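In the two complexes that follow, subunit A is the common piece, with subunit B as its partner first and subunit C second.
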Partner chain A sequence: MALKRGLFRLAETYRPSRPHIRARLLATQSAANNEERQSKNQTHFGFQTVDENEKTKKVHEVFETVAGKYDLMNDVMSFGIHRVWKDIFMARLAPMPETNLLDMAGGTGDITFRYIKYLQNLRSKPTEGARSSVTVCDINQAMLDVGKVRAERLGYTKESSGVDIDWLCADAEQLPVADDTYTAYTIAFGIRNCTHIDKVLEEAYRVLKPGGRFMCLEFSQIPNEALQWAYDQYSFQVIPVLGQLVAGQWKPYQYLVESIRQFPNQEKFKMMIEDAGFRQVAYENLTFGTVAIHSGFKI
Partner chain B sequence: MYLRKPIQKIKSEVQIRLIRYYTASENAKVTYHEEMQNNFIATNIFQKALLTCGSAVIALLDPHRGDMIACLGEVTGENAIKYMHSKMLQTEEGQDILKNKPRINSKTIAFETLSQMPENSLGRVYADFMKDNNITADSRLPVQFIADPELAYVMQRYREVHDLVHASLFMKTNMLGEVTVKWVEGIQTKLPMCIGGGIWGAARLRPKHRQMYLKYYLPWAIRTGNNAKFLQGIYFEKRWEQDIDDFHKEMNIVRLLKK
Partner chain C sequence: MSNLQKTLRLFRTQHRFILPLSSVNIRNIQGTVKDYNHSEVRTDIKIASVVTENEDHQYEQNVKDVILERALEFVSQTGWSVESLSAGAKSAGYPTITHGLFPNGGGDLIHYFNIKCNQQLAEQMKLWPQEDLKGGSKVPAKFIENAIVTRLLMIKPYKSTWPKAMAIQTLPNNVPNGLATLLSLVDDICYHSGDRSVDFNWYIRRVGLAGIYKAAELFYLTDNSQENNATRSFVSSRIRDAQVIQGALNLNPVTAAPQTLTAAFVTAKNILGINTLK
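Now for the complex of A and B:
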């Protein structure tokens, strides 16, 4: 278990005196702040400032540590609502029998399994010779390993499901994939952890076939002040405590709630997706804006 | 009686490291300070309350979650730790511990050497105990929720010395032995986690052990807790050669289980 490992190597995370106010200030970062960070090749890791190459390593450590209890913690923290978010996400994607999906940051397989189930429930079957496929891709092998075990346990194999499943350990910013390969690209609760979001979006654009669809499910900002305050209280007071109780780890979950505040809001992220070349970019808020589904097409 | 390790007996490289470690008391303090700062997590009253309730429930439901017992001890133990600190300062041995801040893990304790010591020595008893019960001295978690480094060390020391208390009281690591040791520690340290553990842990005992507990172990634990010297203030690392019966006489401990 995680508690048997040695000292957890994340540097101490400091707690801002009034997290919700600081969170507001940081979420809508001024241009000056960004420039300063970029000139020194630094970025944010939760509320800390770190070197860019350090961030990848630290994020990697976070996910290696939490992989074992990842799914349980998701259920505990969101009271199971994350399952509904992911169900809606797959319904919005509405894959067809010949879709080739790249499930980025697919880790423990939640999106992939829903994709396979959705295709199985469709009435129409793929035409002769064409197969639906999904490539589960994650930068962290530990998460992929958990996913593989789950796939076996739940019975998702190539033969039984009729869908080709591949597992790929790779960096979203540098995919070892040819141009124009996939018809759909999803990234659920992963893009927030990437060091260069713009690079991830560019890679997504590159590997999609023309007409392909990009979809992202990610934590976002709540437009309503009072609700955002309540959400901040829950995030900072309760979630790391739950992490300590359920998973024996406090700091990864402190990182989680801080990284949510650091991520651009719905409008800003929409503009970033458009900058990468996608068109017909739209977003939909779920649970008052706690999460948002962004979608764009390569057309 | 405060034994010192004879210099002539030093052989292995590990022992040399051990001596260096204890003579470099200033270094030891700084390293523990840094380590403690790395692990420290600030918590407010609301979070402490949540942690208390949550860890108590989880520790009851799953006694194998040692981290929950550790968490409960830290979050509820502030006053008890202050009491332990003041008790340690009352003896020269305790003051030495606080000055040197020795740690107990497989790097600082030469278990190989200890297991070759004479049969009845404290060191041999400890090494045998660890081997017989299949436990390692490396499974003690770092202290996370205590702000003051001195008090954090006292808690860390309590945790690391726990196995030694087990060994010198000849209590096994099954539920019965654990509950008994918790009673002794609870009376001596006043830690709420120990007192709670002693009461609630006993509720989990199976009928046969429960009988033994009520008839023999519990009364013995209460007597020992009250009569024995303050075990947390004992510099065990300087007493490896001491004969165990001698140790018991000095500490005012009467064995429950005959050899």
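Now for the complex of A and C:
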């Protein structure tokens, strides 16, 4: 191990001009770093190691700065594929009338609007009194504001959509919500940015009714080495540049790609969901595993 | 002792390649002593975890079965669909969204129904008397006919929606389940009708019976006759066909020679038009 580390250091010193290589090496060391971190209440912010409180603050800053260009950048970076991912995500959830959804980290409303549309397109019209609802929850008010504006522009109101929409600014790790409130909990591209993933999962389990479903759409790891290499090249060489060109920001997009590398892979995340108490946990890879849909039930 | 340690240390510092060898030895010695205790503990843990896993699995399966059973009540209104599953979940006390437990939607509901019917049929067949095989007949035709008709009548409550169910079963992701239930059905029928063959006939019987069953299923969908007599006679004539085919296959070529020759002559005559000259 010591020898390996020595080699890593050598590699780092010899190739300071190629940051992505350094990044991959750091990623492989993250397991060792995790142990050190836990003793000092530290966590990762991309590839940096920071205090836990600091991470919350930093993530907050990131999303405050990108909120305005968030949707545009999603389209640019994923070539618009993120829309397909989200559509598939909603098709897998397949909401029925009388669903109470908590759309966690859903600030700009991408998932919420798909949810409303899905309910509107159902063949069977809901019977009287069988209303569905959605609570859009985000830790960042700036993102929620963007979502509210979009909802207004798209004409999604309580009356027109037949779905109750609430907006809530809260932390996923401590929700101001009673136990057994919702029947579905979705979190799309959000759990990665939370400081304590296990706490988020526990909270999700708490607020769900028995029989409720937890679903998570998140970047994941590609099992194929060659594809992973190409993906890494794109992530570390192209995305920050795109961020600079389109949104005028480099750092937030550097953080974005780094945080994706830090997130546990499919199997590990599945185990974490099971540890939180969920049953029938399964995952599905989309686009070779670039993103994965995890699903679990509270039964 | 101290000399030995010294030499060892020397080896370790000067020749790195020896390190793994020595460490392996030491580990092995400790291993034989310690492993004895370890292995016992390990097996205990394993058994415990297997039990809880089984219990977990059983619990999840029970929840699923309750929902599926309730969902069957809604099939006549909403068909073999996600809507039925979600109505079933609701009546079992779960939220409508719990239908997600069944990723194949209606396919899973049909699969459950098929398994349930197969089990019922197997239970019933155990009580039926074995048919007396007298005379030339080697096939328990009556038994098989009864089994097929009994199984078909189980579909009766869902007859109006069954064409769609058959269509859903042919969707690629439902085909494995559909074939498995069909094969277990014909296997049960063959077994309880007294088939103990261990030769190639084992396959022929089952495949043939599966064909008869599926044909009868299709026939039954459009059968409006009283007490389904038309289906019953359809099944019995298909079984007779199967008997004839099997008889033909089992025919000894030497004994069959005269018949074959006569047939050939008649055909030749027909072609030449000699038959019509008379």
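Throughout what follows, the second predicted complex is superposed on the first by the 267 of 299 C-alpha atoms of A that agree within 3 Å, B and C clash if a C-alpha of one lies under 4 Å from a C-alpha of the other, contacts with A are read in each partner's own complex, and residues count from 1 in each chain.
What we mean here is this: contacts are C-beta pairs under 8 Å (C-beta built on N, C-alpha and C of every residue); 3 or more make two chains touch, one makes a residue touch a chain.
As the structure is a prediction and not an experimental result, all values here were calculated from the model.
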item	value
Partner chain(s) touched by A:183 [first = subunit B, second = subunit C, both, neither]	second
In the superposition, subunit B vs subunit C on subunit A residues touched	C
Partner chain(s) touched by A:149 [first = subunit B, second = subunit C, both, neither]	neither
Which of subunit B and subunit C A:213 touches, first, second, both or neither	second
Which superposed partner A:238 touches (first subunit B, second subunit C, both, neither)	first
Which of subunit B and subunit C A:299 touches, first, second, both or neither	second
Subunit B versus subunit C as contact partner of A:248, first or second or both or neither	first
Subunit A positions touched by subunit B in one structure and by subunit C in the second	none
Subunit C residues within the subunit A interface of the complex	56, 60, 63, 78, 82-83, 86, 89-90, 93-101, 103
Residues of subunit B that touch subunit A when the two form their complex	35, 37-42, 44, 46-47, 50-51, 54-55, 58, 65-68, 71, 139, 141-142, 144
Touching residues on subunit A, where the partner in the complex is subunit C	92-100, 123-124, 183-184, 209-213, 279-280, 282, 295, 297, 299
Complex contact set, residues of subunit A against subunit B	3-4, 7-8, 11-12, 15, 237-238, 240-242, 244-245, 248, 250-251, 254
